[in-house]
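The first chain written gets the first letter, and so on, giving A, B, C, D, E, F, G, H, I, J, K, L, M and N; residue counts start at 1 in each chain.
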Amino acid sequence: MDSMTIIAVVSIITAGLTIAIGVIGPSLGEGKAVATALSSLAQQPDASATITRTLFVGLAMIESTAIYCFVVSMILLFANPFWNYGIAQAAGQ
Amino acid sequence: MDSMTIIAVVSIITAGLTIAIGVIGPSLGEGKAVATALSSLAQQPDASATITRTLFVGLAMIESTAIYCFVVSMILLFANPFWNYGIAQAAGQ
Amino acid sequence: MDSMTIIAVVSIITAGLTIAIGVIGPSLGEGKAVATALSSLAQQPDASATITRTLFVGLAMIESTAIYCFVVSMILLFANPFWNYGIAQAAGQ
Amino acid sequence: MDSMTIIAVVSIITAGLTIAIGVIGPSLGEGKAVATALSSLAQQPDASATITRTLFVGLAMIESTAIYCFVVSMILLFANPFWNYGIAQAAGQ
Amino acid sequence: MDSMTIIAVVSIITAGLTIAIGVIGPSLGEGKAVATALSSLAQQPDASATITRTLFVGLAMIESTAIYCFVVSMILLFANPFWNYGIAQAAGQ
Amino acid sequence: MDSMTIIAVVSIITAGLTIAIGVIGPSLGEGKAVATALSSLAQQPDASATITRTLFVGLAMIESTAIYCFVVSMILLFANPFWNYGIAQAAGQ
Amino acid sequence: MDSMTIIAVVSIITAGLTIAIGVIGPSLGEGKAVATALSSLAQQPDASATITRTLFVGLAMIESTAIYCFVVSMILLFANPFWNYGIAQAAGQ
Amino acid sequence: MDSMTIIAVVSIITAGLTIAIGVIGPSLGEGKAVATALSSLAQQPDASATITRTLFVGLAMIESTAIYCFVVSMILLFANPFWNYGIAQAAGQ
Amino acid sequence: MDSMTIIAVVSIITAGLTIAIGVIGPSLGEGKAVATALSSLAQQPDASATITRTLFVGLAMIESTAIYCFVVSMILLFANPFWNYGIAQAAGQ
Amino acid sequence: MDSMTIIAVVSIITAGLTIAIGVIGPSLGEGKAVATALSSLAQQPDASATITRTLFVGLAMIESTAIYCFVVSMILLFANPFWNYGIAQAAGQ
Amino acid sequence: MDSMTIIAVVSIITAGLTIAIGVIGPSLGEGKAVATALSSLAQQPDASATITRTLFVGLAMIESTAIYCFVVSMILLFANPFWNYGIAQAAGQ
Amino acid sequence: MDSMTIIAVVSIITAGLTIAIGVIGPSLGEGKAVATALSSLAQQPDASATITRTLFVGLAMIESTAIYCFVVSMILLFANPFWNYGIAQAAGQ
Amino acid sequence: MDSMTIIAVVSIITAGLTIAIGVIGPSLGEGKAVATALSSLAQQPDASATITRTLFVGLAMIESTAIYCFVVSMILLFANPFWNYGIAQAAGQ
Amino acid sequence: MDSMTIIAVVSIITAGLTIAIGVIGPSLGEGKAVATALSSLAQQPDASATITRTLFVGLAMIESTAIYCFVVSMILLFANPFWNYGIAQAAGQ
């Protein structure tokens, strides 16, 4: 069971680090976007419709990069092709 | 019990580091967002309804990236697929 | 008792580092939020009710990310599932 | 199965790190772009058509660099040429 | 006494690093908060009651994150569950 | 198959890191360019034709550096001269 | 005397690093607080009573985080529970 | 085939890192140049001819440093003198 | 004399690093405080009594953190409890 | 052929890193110079002759530092004195 | 002579690093203080007596932290207690 | 030929790194100097003679530090005293 | 001659690094001080006597920290007490 | 010839790194000083005599720190006391 253990260990570490490192950028980017939205609202309350609409589209775009990381992290934990191959190998032996 | 120990060790380290590194970005981003909200409120008290609403939506969006990390951290501690597989292997022996 | 020792060692290190690294972001974020609240109060004393209310909601949200880390740290020290499993294994031997 | 395991391990680590490191730049860049778009909207609401159009083209261009990373990450997980070669070698033995 | 020594060594290192790294954020955050309070007081001496009250609540909140680290550090030195378990094991032998 | 494995491993790691590190600069640079374009549009809407034209030429130039990295990454995965040489060697044996 | 030496070595290193790393944050935070106090005094000499009082409370709060580190450092040198346990063990042998 | 493998491995790693690290500077520099060009155009639309001409000369100069890296990277992959020498040695044996 | 040497070596390294790392923060903090004091004096020469008094109290407070490090460094060199214990052990043998 | 391989390996790595690290500074410096040139042109179009002449002299000076790195990189690949000495040694054997 | 050599080696390295790292902070802090003093003198030449007096007190305070490092560095080279103990041991053998 | 190889290897690495690291500072410094020269020219075209003369003297001074590195790098490649000594030793054997 | 070689090697490395790291701070600090002196001279030419006198005193103070490093570096190369002791030991054998 | 080789290797590495790291600070500091000199000249052309004189004294002072590094680097290459001692030892054998 040695090589299976190594794959499991590596998948665990990578899944955790991927989402941990991967949210640094998006969360800072979103924080900047939200902050500017708020100061823009305070400066020009009449344009609130356009501002919030643009904000939500922008947040969705930034959030998408965090979701890429989350997807890869989940794939590594629950649909890992290399792990599945190993299981199939072990079962077929 | 050797390979089980390695998986346990790696899961513990990864669970801790994931949430520790993963909250750096969101907390700084939220701090920036809250700070701008406060200075916007001071500048334009009349727009407080729009500002706080936009702030809470933005905070929820940023908090979501921290929650991704928390979810992965909890999965690694309490619903770790590789650990469960190992337990099942050991039980089936 | 070898593998139990390794789990204990790793739990101690991870518990400490998780809370140590995990409070960097929240404390800086809260410092920024409090600082802006104070300068907003000085600028617009009339809006102090709205400002302090928004500040406390924001601080609670930021503090929550520090609490995630504290929770994981406490789980690792006092409710560590891998340690409990090892104890149960050792007891059942 | 030794060399296959190494390739699997390396593919897992690289797939995770590629997307994790790769989204830092795009998410920060998009955050900056969205933030400026919002403050520009607040400053010049009449130019909102030009601004949002330019913003979306720019976001798409920045997002493309994140997608390069996502593509490489997916190739490594699901269409890894070196893994396929190894499988073919093992099957042909 | 080998495994006990390792736990002791790791507890010492972690206790020191936890508090050392853990006070960086809070002290910088408090410094920023105090600094802004002082410049706010100079700018609006009439609001000193509100400002100092908000400052102390904010400082307490930021200090709490440093105290989390101090608590974990003290637990590791004086109420370490893994150390106690080891002592109990050694006593029961 | 040992030396082939090493080449495969190294190609996988390098392909991932090349594109991951390589997009940091371009995405930040493009974010800055797009951001300035937007604030320039808000400041001088009449010059929008010149601004967007210059922006797209600039973005293409910056994107080209990301594409250099993508090209090298793809070459390493699908047209790796050292891998091909090794395959030819193995086939000719 | 081997395990005692390791504990001694680790205590020395940790005691030094704890105080060395631990004073970086407080000293910078206090520097910022003192600096702002001075410029506030220059700007509003009439409020010097309130400013210096708030400054000293704030400095005490920030200094407290440096004192946490100093306390842990002294505990490790002069009241180290793990060292005392080892001495007791050696004496009781 | 051992020493040939090492040269191949090192060439792959170096080719990737050279272009990956090498584009960070140029892309950031070009982003800054393009950004300033855009804000200059918005400020002084009448000087657009001089500005864009100077911009393109400058971009070409900056791009040249990225191309140095690309050239070295391509030389390492397709015209590597050390690899060719090794091939010639192996052929002449 | 082996374990005594290790303690000596570690004490030397730690004593040096403690004071070297430990003065970075205080010296920068004091530099900032002195700098602001000077610009405050230039701005409001009439308040020089209050400013210099507050400056000296603040410098003393910041210097105290450097002195913590110096104390620990001197203790490690000239009153090291672990070294003394080792000497006593060696003498009592 | 062992020592020749080591020299080849080291030459490849150094050639790549030299140009990769060496262009970071020049490209950022040129980006800054070009950016300021553009904003100076927008501010003072009448001095465009002096500005562009000074810019090109400055760019050439900065570029020269990148060329130093390129020269060393090329020397290591194609006119490496240590490699030539080794070849001569091997030929003379 | 083995353990004496190790102590000598460690003392040399630590003496050098202590002073090298230890002057970074003081020199930057003094640079900042002198710079502000000069701009304050330019702004308020009449207060030059107070400014230069405060400057010299402040510089002395900052320099003191550099001198702590120099003292430790000299102690390690010329009055190293552990080295002296070793010499005495060797002489008394 | 072992020790000659080590000297060759170390000379190659050091020659490359010396020039690569050594041009970072000069190129950034020159970029800053050129940039300020350009904005000074735009601000005060009448002083162009003094400005360009001072600029060239300054650039020459800064370039000199890059040339120190280039000289050391060339010495290591083509006039390496340790290599020459080794050659002489080998020839005299 | 083994332990003498180690001391020589360590002295060489430390002498180089001490002066290399040790001049970073002073040179940046002096650069800042000179820069402010120049802009102060431009702002208040009448105070040039006071400004240049204060500048030279300040530069001497900052330079002194670089000279501490140079002194330690020279001591390590030409008056190294540990080396001299070793020579004396070797001579007295 | 083993210990001579080690000394040669270490001297080469240290000579290169000393000058490479050692010019970072001076070149940046000189860049800053020259840049301020140029903007001061543009602001106050009448004070050009005082400004350039002060600039050259300042540059010489900053350059001196780079020359310390160059001197140490040259000593290590051409007047290395430890190398000379080794040569003398080898000759006297």
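Note that in this section a contact is a pair of C-beta atoms (placed from the backbone, for glycine too) under 8 Å apart; a residue touches a chain by one contact, two chains touch by 3 or more.
This structure is a prediction, so every number in the text was calculated from the model and none was measured.
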Common touching chains of chain I and chain F: none
CA centroid of chain A to CA centroid of chain G, Å: 38
For chain A paired with chain N, centre-to-centre distance based on mean C-alpha positions, whole Å: 47
Residue numbers of chain C (touch at least two other chains): 11, 13, 15, 17, 19-21, 24-26, 28-33, 35-37, 39, 41, 43, 55, 59, 66, 69, 73
Touch-based graph of the chains, sorted into line, ring, star, complete or other: ring
Going round from chain B, first to chain C: chain order: B, C, E, G, I, K, M, N, L, J, H, F, D, A
Chain K to chain I touching residues, read off their complex: 3, 6-7, 10-11, 13-15, 17-22, 24-26, 28-33, 35-37, 39-41, 43-44, 46-47, 50-51, 54-55, 57-59, 61-62, 64-66, 68-69, 72-73, 75-76, 80-82, 85-86, 89
Contacting residues of chain N [partner chain L, same complex]: 1-2, 4-5, 8-9, 11-13, 15-17, 19-21, 23-39, 41-43, 45, 48, 52, 55-56, 59, 63, 66, 69-70, 73, 77-78, 83
